[in-house]
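By written order: A, B, C and D. Residues from 1 in each chain.
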Amino acid sequence: MIVEVLAILLGTAFLMLALNKFPKIAGTIAFFVSLLPFLAVLSWAGQMGINIPSYLNLLHFESMATYNLGAGSLLLEITPLGWFFLLLLASLFPMVMLYSVSFVRENAGGFYAAMLMTMLGTFGIILAKDMLTFFLFWEIMSWSIFALVLRGHDRRAIVSYLAFGSMSAMLILFGFMILYYDTDTLLFAHMHLAPTRLNLVALSMIVAGFAVKGALMPMHVWAPHAYSKSEEPFVAFLSGGLSKLGYFGMMLFMYSVAGMGLLASWGTFRDVSWFGYSLAVVGAFTAFAGTILAVMQDDLRKLLAYSSIGQLGYIAIGMGIGTPLAITGALFQALNHTFFKAVLFLAAGAVYYRTGKWKISELGGLGYRMPFTFLASLFAIFALAGIPITSGFAAKWLLYEAAIEKKFLFVTPIMLIAGVGAFLYAYKILYGVFLGEPRYDVKEAPLGQLVAMWILVLPLVIFLVFPGWVADMAAPILKEYGMQAIPHTPFVITTSLGVYNTLAVIFGIIGTLLLALVLYKWKPQEVVPHEDNYLAGEPPELYENISMHAAYKYYEPFEEVFLPYFRSGAEKLWEVVLYAGEILGTGARKIYTGMVEDYTMYILLFFIILIGWWLLW
Amino acid sequence: MTLNHDDWGKVARMMSKRSLWMVHFCTGCGAMEMPPVMTSRYDMERFGMHAMATPRQADVFLVTGYLAVKTLKRVVQVYEQMRDPKYVIGFGSCTINGGMYWDSYNTIKDLSKYIPVDVYIAGCMPRPEAIIDSFLKLMDMIDKGEAIGWKKYHKYYDQYKKNQRMAYAYRLDEVEDIKEDDAK
Amino acid sequence: MVDFFALGEQILVMAFLVTLGYAIGMFFNGFARKITARIHNRVGPPIYQGYIDVFKLFGKKTNISHGWIFDLAALFSIAGITLVFLFLPVAGFSMLSTDGDLFLILYLLAIPALGFALGAGASGNPNAAVGIMRALMTMLAYELPLVMVIVAMMVHYNTTSLAGIVAAQSNMHWAIFLPVFLIGAIVADMALQGMLMEKPFDIPIAPHEIATGPMVEFGGKHLGALMLYKMMGIVVETTLFVDLFLGGGVILSVAQYGWLAYVVNFLVWFGLITFVFFLALLINAVFPRFRIEQALKFYWKYDALVALLILIWIFVEVST
Amino acid sequence: MMAKELFPEAQELRKGRIRIETIKDKVTEIIKKLKENGYGHFVMLSCVDWIKEGKFELVYQMWSYEYREHVMISIKIAREGDSMVTLRDLFPQIETYEREIHEMFGVNFVGNPRLGEFILEGWPHMPPMRKDFDTEKFVKELYYKIPEVKEE
């Protein structure tokens, strides 16, 4: 069935192009086709030790497939790691398509075709058994994303995506070539990498290449542009889903392919390889800087983009530390981020769909107009900030525990303060968009968009109640790496340092909320309009043109303090790289003089050196 | 007098009287007399009184001095934003009969025509002792259930509103467009 | 099979302790005003003023709301702060959970704060929005040194559980007796000053600038709920400090002395939190207010620098 | 150059206090000249109602930090049917004074776009600072006639 799914995705993508004139029909078909990968996930759940009712296993997927092309063959197989990431992407994808049906209007066929192609690429990447298949599907995915970024008509986004995407592909390809040179095999399973310096360089290049997709600093430059200038359903999938593929790749090569032997060849620090430690430090820096930058944004999409970069940094921390606890935490964070960031981008899209505004300072008061969108984003924001009313806390807790367990004294405070910083921009979204003065008299978002958002909120609640399920899903992955799963029951996760009991939290919250409700409902109240406001006795209606919404430059003192340190950002760094490249390139161009005699001289020189070398040998 | 005061329980009255939070509307010169009342010389916090920043939080409304018609609009706004039970103290002669502004074309002369006043303090200026005395008087009235200005405001709302509109319009016959405005 | 009798007993104990917590919080309100008044050479209100104020606010005849989001403020702030109190080890006695994880407590503290912010924002008053901005920035400011000290303590005691930290300090091995955590206690006390929103860090509620900031639109029962939240917040935050540095006030072991130990420990705990709060009041009474960026610079430059020394100290201790 | 040298017709009331009586067409020119010659501070514009003459007197007051000298430029315009040109192009703060005088005396300043409701809100009567406006009568007919709230 695997190859059939790939074929159906490809076929539907072409069909979409034909249905360009009928966006609704195209969207509906695309939605139903997009459910296929999710059926595959359900079908494979049994093999991963997850028991699901048999009626959910609609299509029986085989666990591996080989598809012979003329020159070679595609080798596909599902692994526990792949299954986990496919679960995230395949459950996000149908919801994004459902949302798109009411959102995408212009040239919809192209949109759906490209989206289906990204899913095709994703499906292949996750199932790939060898490097060639992996790279083939990686490129399919990358170029489909490029097609979707092109639809934003923003030069900066397109150019930066193209540059960084190519760089990423080059780095990955060079890494693959070095690995192939060393091991003489393309199959991941047959590669037993010796702890040599060359292999470590190759691994670094591959990880750097994946870091581009995972938007780790300083490889993140493309992300804020691409995230903020494309259509929302796609951005939700890009930020929530596709960015995880970078971390999937990192995890695959760092732990499945390379293993601790190679990682530790550079040395270890408290049983954590320096390689992993550096990744954790980069991750912590990304988490911190992304958060600070997010606080300063006024464009809703840019804010979410930087927040996404910051939250993805946590995954890198977990992968860098590499203990069972940390890997579970990283996977949990990946899961949470997939859903809450998708919900936030979709909610932002719904707000745009109704108001046509992106700037936070121009929005406001939509909480009463779009209550369901507001509540969905409220849940997502709770998850983002790590408030223990959603699953967001458990992931952060696991990562903090992992860091403290390894006695990381300097990384942990940075992680924690980035977590606090998240409250700042979370409130900026809440206040700027949903609270305060109502400025637009709009309707609630269309039903399709609401359903998509609310289904994506569900996992955040489910994994609040059952954080142990993520540990269950992580167990086969850890087993593959020769690690013990962390001790857990569905409700309680135990580490060497502490215990997280979700039942105590849930019952505590329910109990105290009931208590507060009793206290609160005791006295009657009347509801007054928003205009009935204390402004030193001044009735606001006298000033019709003055907005009482204080969201413009909301964190101005914050910006005053931090902006000097963040002004010369990553783009400056890349400008330096560009400048160096230009100098080198100009130097190299001098060789190409365009004169035939010069070229003859070069050839002659080449042969003289060759002969000289042969003689000296 | 048909207003009964039994629904406002005795315990609640005791609490209410010992915790009077005050918002002061200081347009006039009377504001100058407040610092000694608050600080260590007279220390009104002895009685649980506290100056509050917004009318939503306050129980007592202290109007210090003259009110122009323009400020009367704000005073009414503030008074209506306060939550029941609420009390008003008229401070100084200006709130009683206009004081030295008795013939000014733009200041209202008698505050109690526009909002119900529970306690007046006469004088120009009243000394801090007089202010403290008025607070004690108000507490006594609350205890006995006599400070019922807020109930009067609810009961005779039409009359108060009519008077306010007359002042806003600077004429006794109410202007049509204000009526329409009110209907909205 | 659930033991309903034990469960009922536990709920009764929790209800009693929560009531006690609120009672102490209300007492602290009057206590604070009395102490401040005495420093100002005033008589001050009676020491039970806090109770009167809260009862009066809940006794208001009419209450206004700006809609259901506004109402969330009162609900979340009361529920959240009670929850934090239930998770804290009080005098070495954990109510809801014996684990009392410190990260959990730090994040649970955000529930009432965010709920409060939600309500304040929903009121639509610009002063409230500015106040919340200041509150969040103060939080960002004081969290850095606090978190650095807490991480140092977690690594030192090799546990992330607050109950574990309290247990490690039993038999009078209080953290404050170690030189490194004496410095840590001073750093954390500065952070506590911001946490309690006392001067010089009462930037969020600056009544003379932004009309009590977030609370500007709250009156009647809503304000009563917020006052309860603030009062319980004082108890929670000082207890957190006492748990971290002063062994949670545990001086007698329960295993040895039984009921007597509970009584004595609770009295000692009460004495210690009163003392910690008293210190904060002394600073509060004589200082003016910082501007927000001054507060940020104070915490991130000076307080965090000292906290960094503590981290380095612990790093050396762990590495050797 | 000091005001006395610029305008010989000016009379010196006492040291540092100069009064220039002129006609309304010359005011712009005089103030412009004074501004160029060190009288950089426009203090205020005031109005006096000379009801028996049937004239409004407008007094423009200027101050020089250089010479420490106060110059008053006084003009008279008819109470009814006359107007004055605005000087807001020379000193922007004049606009506010003109608005006030327009509201309180009803003097029309040609060219000032913001003449309208300023301090009084919804004032329906004759401008209240005019001398023919009987304040006492007005107060007695309005404020003292607003009825007390009758309690049943």
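Throughout what follows, a residue touches a chain if its C-beta (ideal position, glycine included) is under 8 Å from a C-beta of that chain, and two chains touch if they have at least 3 such contacts.
Note that the structure is predicted; figures quoted are calculated from it, not measured.
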- Task: Just grab the chain with the largest centre-to-centre distance to subunit A, centres being mean Cα coordinates.
- Result: D
- Item | CA centroid of subunit B to CA centroid of subunit C, Å | 38
- Centre to centre, by mean C-alpha position, how many angstrom separate subunit A and subunit B? 60
- Query: How far is the middle of subunit A from the middle of subunit D, if each middle is the mean of its Cα atoms, in Å?
  - Reply: 69
- Return the residues of subunit C touching two or more other chains; collapse runs of consecutive numbers into ranges. 60, 62-64, 211, 216-217, 220
- Message: Can you list every residue of subunit A that touches 2 or more other chains, as numbers and ranges?
- Response: 532, 534, 536
- Query: What are all the touching pairs of chains?
  - Reply: A-B, A-C, B-C, B-D
- Considering the complex alone, what residue numbers of subunit C touch subunit B? 33, 37, 40-46, 49, 52-53, 55-56, 59-64, 207-208, 211-212, 215-220, 223
- Footprint of subunit B on subunit D - complex, ascending: 119-125, 128, 133, 135-136, 138-139, 141-152
- Query: Of all residues in subunit A, which touch subunit C in the complex?
  - Reply: 365, 367-368, 374, 382, 385-389, 393, 396-397, 400-401, 404, 407, 409-410, 412-413, 416-417, 419-421, 423-424, 426-427, 430-431, 435-438, 495, 497-501, 504-505, 508-509, 512-513, 515-517, 519-520, 522-528, 530, 532-536, 548-551, 554-555, 557-558, 560-561
- Note on the structure: The residues of subunit A that touch subunit B in their complex are 532, 534, 536-539
- Task: Enumerate the contact residues on subunit B facing subunit D in the complex.
- Result: 1-2, 69-70, 73, 98, 102-106, 108-110, 112-113, 116, 152, 156, 159-160, 163, 166-172, 175
